[in-house]
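Chain naming follows the written order as A, B and C, and within any one chain the residues start at number 1.
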Amino acid sequence: ANVAPTHADPGGVFTFKARGVLDVDYVHFAERAGAYDYNDGTGFRRARLGFEGTAFKDWAWRLEVDFAGNVVAVQDAYLQYNGFKPLTITLGQHKAPFGLESNNSDNFNSFLERGMFTNAFGTAGAERRIGVSVAYLKEKFTFTAGLFGDNESIGRSTGAALTAAPDESYGANARVTWEPVLDTGRIIHVGASGFWRAGLKSGDTDDGLRLSDRPNIRVDNGNIIDTGVIPNVENLYYLGVEGTAVFGPLSVTGEYGHLEIDRFAGFRDFSSDGFYVYGSWFVTGETRPFRNGNFDRIRPLNNFSNTGGTGAIELLLRYDQLDVGDTPVAARAGNDAHSYTAGANWYLTPNFKLQFNYIRFAGSNTPLDPVGAKTKGDAVATRLHIDW
Amino acid sequence: ANVAPTHADPGGVFTFKARGVLDVDYVHFAERAGAYDYNDGTGFRRARLGFEGTAFKDWAWRLEVDFAGNVVAVQDAYLQYNGFKPLTITLGQHKAPFGLESNNSDNFNSFLERGMFTNAFGTAGAERRIGVSVAYLKEKFTFTAGLFGDNESIGRSTGAALTAAPDESYGANARVTWEPVLDTGRIIHVGASGFWRAGLKSGDTDDGLRLSDRPNIRVDNGNIIDTGVIPNVENLYYLGVEGTAVFGPLSVTGEYGHLEIDRFAGFRDFSSDGFYVYGSWFVTGETRPFRNGNFDRIRPLNNFSNTGGTGAIELLLRYDQLDVGDTPVAARAGNDAHSYTAGANWYLTPNFKLQFNYIRFAGSNTPLDPVGAKTKGDAVATRLHIDW
Amino acid sequence: ANVAPTHADPGGVFTFKARGVLDVDYVHFAERAGAYDYNDGTGFRRARLGFEGTAFKDWAWRLEVDFAGNVVAVQDAYLQYNGFKPLTITLGQHKAPFGLESNNSDNFNSFLERGMFTNAFGTAGAERRIGVSVAYLKEKFTFTAGLFGDNESIGRSTGAALTAAPDESYGANARVTWEPVLDTGRIIHVGASGFWRAGLKSGDTDDGLRLSDRPNIRVDNGNIIDTGVIPNVENLYYLGVEGTAVFGPLSVTGEYGHLEIDRFAGFRDFSSDGFYVYGSWFVTGETRPFRNGNFDRIRPLNNFSNTGGTGAIELLLRYDQLDVGDTPVAARAGNDAHSYTAGANWYLTPNFKLQFNYIRFAGSNTPLDPVGAKTKGDAVATRLHIDW
């Protein structure tokens, strides 16, 4: 029994299933330093509808579209062939190999938003892109590598003259994961990711790059990290490491990422670093499951109900940091940001949860405030999450 | 048997169903007074796809998105808990309590468009919004109250500098309904609604409010009612009453609404009033059903078919009026509008109908014509309606 | 067994099915003459989700929406009555009668893009539009005629003052098809189409018309054919013929279209002609099926699999041409274009295929280059196609 049924033909050769995600957010901001003014309010973070299935046993496919913000964003849109086990070949738009929080389903991530470096570096060279990848999947070991263009959001030129608009960027991504220990309630996971990307563009600026993110919450669109548009970028090189340890209801997870921005001869190269680390405790005794190098769905020991079921309750604490201060765009030089987040997730059932994040964020020379100023603030954020 | 099947697991604890609505309109306008020129043509009024379900018996959820006009508009997007009967708790985007035509499913409304005051006041403080509500539902009595922010269409800032864009508005809504008589073919229904709203904004104008509507038809976007953007609004207070009486194939329905616009000290307050009343006659003998304080689906006694079934035929007559003439925006002072509508609905089957509305509308000092002019016209409008 | 299951109630009176299409493209351009610079890259050509069903035996309905390019485009959205066999009445947005490649499902067309005249003339007066049609369908003969307005993409005014925006266009379309021979592996098909259209507009230009298309590939939006906006157009008259012959694994298909642009008194009329012809060979021995005057789905004799199935392989060769050189817009006078396409389709299964097109295109006085210049180039294009 599940929220959305899977239709299987009698022979089990075909399956078909509707998919969807709903994330409804409310956030209240309290500005502590700086003249910026984030907006309180509500919003959809995700509102997705789609279908997926398997066909002729070895084929799998998916098409899912997001409508949050009343804007269309095609998500997974791929065909997969699983006939050469343990290899899986995927063609179409899918997540490029890159880090734990990014490659993990967002349905199973712990906080409202991922670490800032994951978003800033992932938008530059990973996340969902059109391409082809090959995954080697064993129970405790995975290796995935692929070639990717851009994604639907950033691929098209907008209004620029035909001669001025740049080609799409292209690159290669890989990730390796290993779980030396993988039992229920006892997991050690380590992994590493890397990517290279060239032919960059930022909007219609050829060879341009812009790294940016918001302070772990998105109802307001104001970035706390922003390199500005960096011109004359030739290549991006990324290397990151990840690890998690699960001991019964407790877990500790962290990632570190380093991005090299290689510019054409005569222009200064630069690099950026970010990391996050967090601890999780299931007060109600659940333990986080793992599958194919990523976290899997939490199933409460007792679903919430009017007959005494409480659901699962998870308490969380995170430190998150990203430094882009070395950016060659003068106005943005010295920009960095960090945040502390206290979180509580209330899993009513396996598919419904309420999330609470208290975020204390701070940044230097952010785009939110005049050059050189300090930006500080708190955000109280809640989310209703449904997926099927 | 139904147009869209409901999938239920053997235990009946989970159900899942696809949803959708299609409304295809054609309208021809005949201008009778004024220099305006409405456009004839076709258009989608609704084109919606979504899913809904129940889970673990007491939970219900829905996500539906509209694509009419080739624009995304997330509709219902909520999670509901029904474990504390007769209470229902709803969290997410859903219709705020407000009046009969607004809280009724648009699939079951009688005319192409609702009364003008329902649209103008509902957009200001009701319709679908992100929030939480609690409903007390008995067979002949309902009381629903909730707290709401904005909806996805009006929540985000657009291009304004971070310091200039206002927070979302917030408010509370309630509706009570009572059916002293509730038998098949004999119904008396009365109800009342109220809301309060503060922290208003109109676009990126803080404390701004704009009330507007079109003359009971939407293929052309020209408003016949428009207060302009009223600045310095502190609070909105709404009170409305509603009633309907069903006697076999006949029914009479009406609503009256009063909106108080409370402005900051030193600025003139003002108020607006609107109402509609209509009669309905099912020539083919059907009678309108009612459920939880709202009209329910019409099921023809004989579906239309090539073997002599005629479907159900409903004839309608309505008077509709809205006066915003007291608006403090000088150019719009004196703006009011009214319309007479003769309607015919041909229910081919419970889920397919053809609708015809002949609308004679008139307004004073409308935004369609130069200040001070009279606007008059006729619209011949048709609609194909499908829902599942 | 199929990729998406059809749900039928026990009596067979209702059916319900999810629908969808995914087309993911990659294209690389090589410019051979001219100063233009097409962009290489990836993109979605189609990303569609929808539902369809039958109800009460004689009714059929469909709603499908496209999200390619992260833009909403409502596709089929209609109700159909089949109770008066062999007549089918369709109301709502559907394909206006017009030619083989246009009326054929794009899922079953042979090349990545249809012939240029089909796109340019079809956008002007056919493709999906809101209207009503009646089809007379016999096994070897079809006749379809209908009245149509605009479609959702071109129907609404954008920002123009109410008095300036034009009404929608309107017109009538018809197509007749006949298969004197219709056996498996042996088909002769001929057909003819015509339309008339008046009340034209191009954007908000009343009585305006613009014919345009890209060189058989769409990742880059640059047109190789473009009449410019022709003012003072009173009527369009189209006449086209089509034919195909299938001999086992071989087939030959072609269409020719002629469009008369009739302008108001005092303005020069003009006309435009286009055609394409192509041959197809199934190396793996399949033969193209036909149904209701259109090509039907290819089912490989052996699906691709890890146990030796190869799928179906089709080789293709096409010549395509469109001449709009007689356009009264001076800057565009002399604009024509033609292309040679070598294609290969690899049908992995009935619903999954990979497509490869090598396109050599050339044009005179195209909008891509300075007035009077020659434009030449090659495109290597691939597509992943999934439909269900």
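Here is the rule we use: a residue touches a chain if its C-beta (ideal position, glycine included) is under 8 Å from a C-beta of that chain, and two chains touch if they have at least 3 such contacts.
Note that the structure is a prediction, hence the values are computed from the model and not measured.
Shown here, the protein chains touch in all possible pairs. Between chain A and chain C the CA-based rotation angle works out to 120°, given as a multiple of 5. For the pair chain A and chain B, the fraction of shared interface numbers is less than half, so the two copies use mostly different residues to meet.
Measuring from the averaged C-alpha position of chain A to that of chain B gives a distance of 38 Å. Residues of chain B in contact with at least two other chains: 18, 49, 71-72.
Interface of chain A with chain B (complex): residues 1-5, 18, 20, 22, 24, 26, 35-44, 47, 49, 67-72, 220-222, 303, 305-306, 348-349, 351-352, 368, 384, 386, 388. Residue ranges of chain B in contact with chain A, taken from their complex: 7, 9, 11, 13-14, 16, 18, 49-51, 53, 55-56, 58-59, 61, 63, 65, 71-74, 77-79, 83-84, 91-93, 130-131, 149-150, 152-153, 155-157, 162-163, 165-168.
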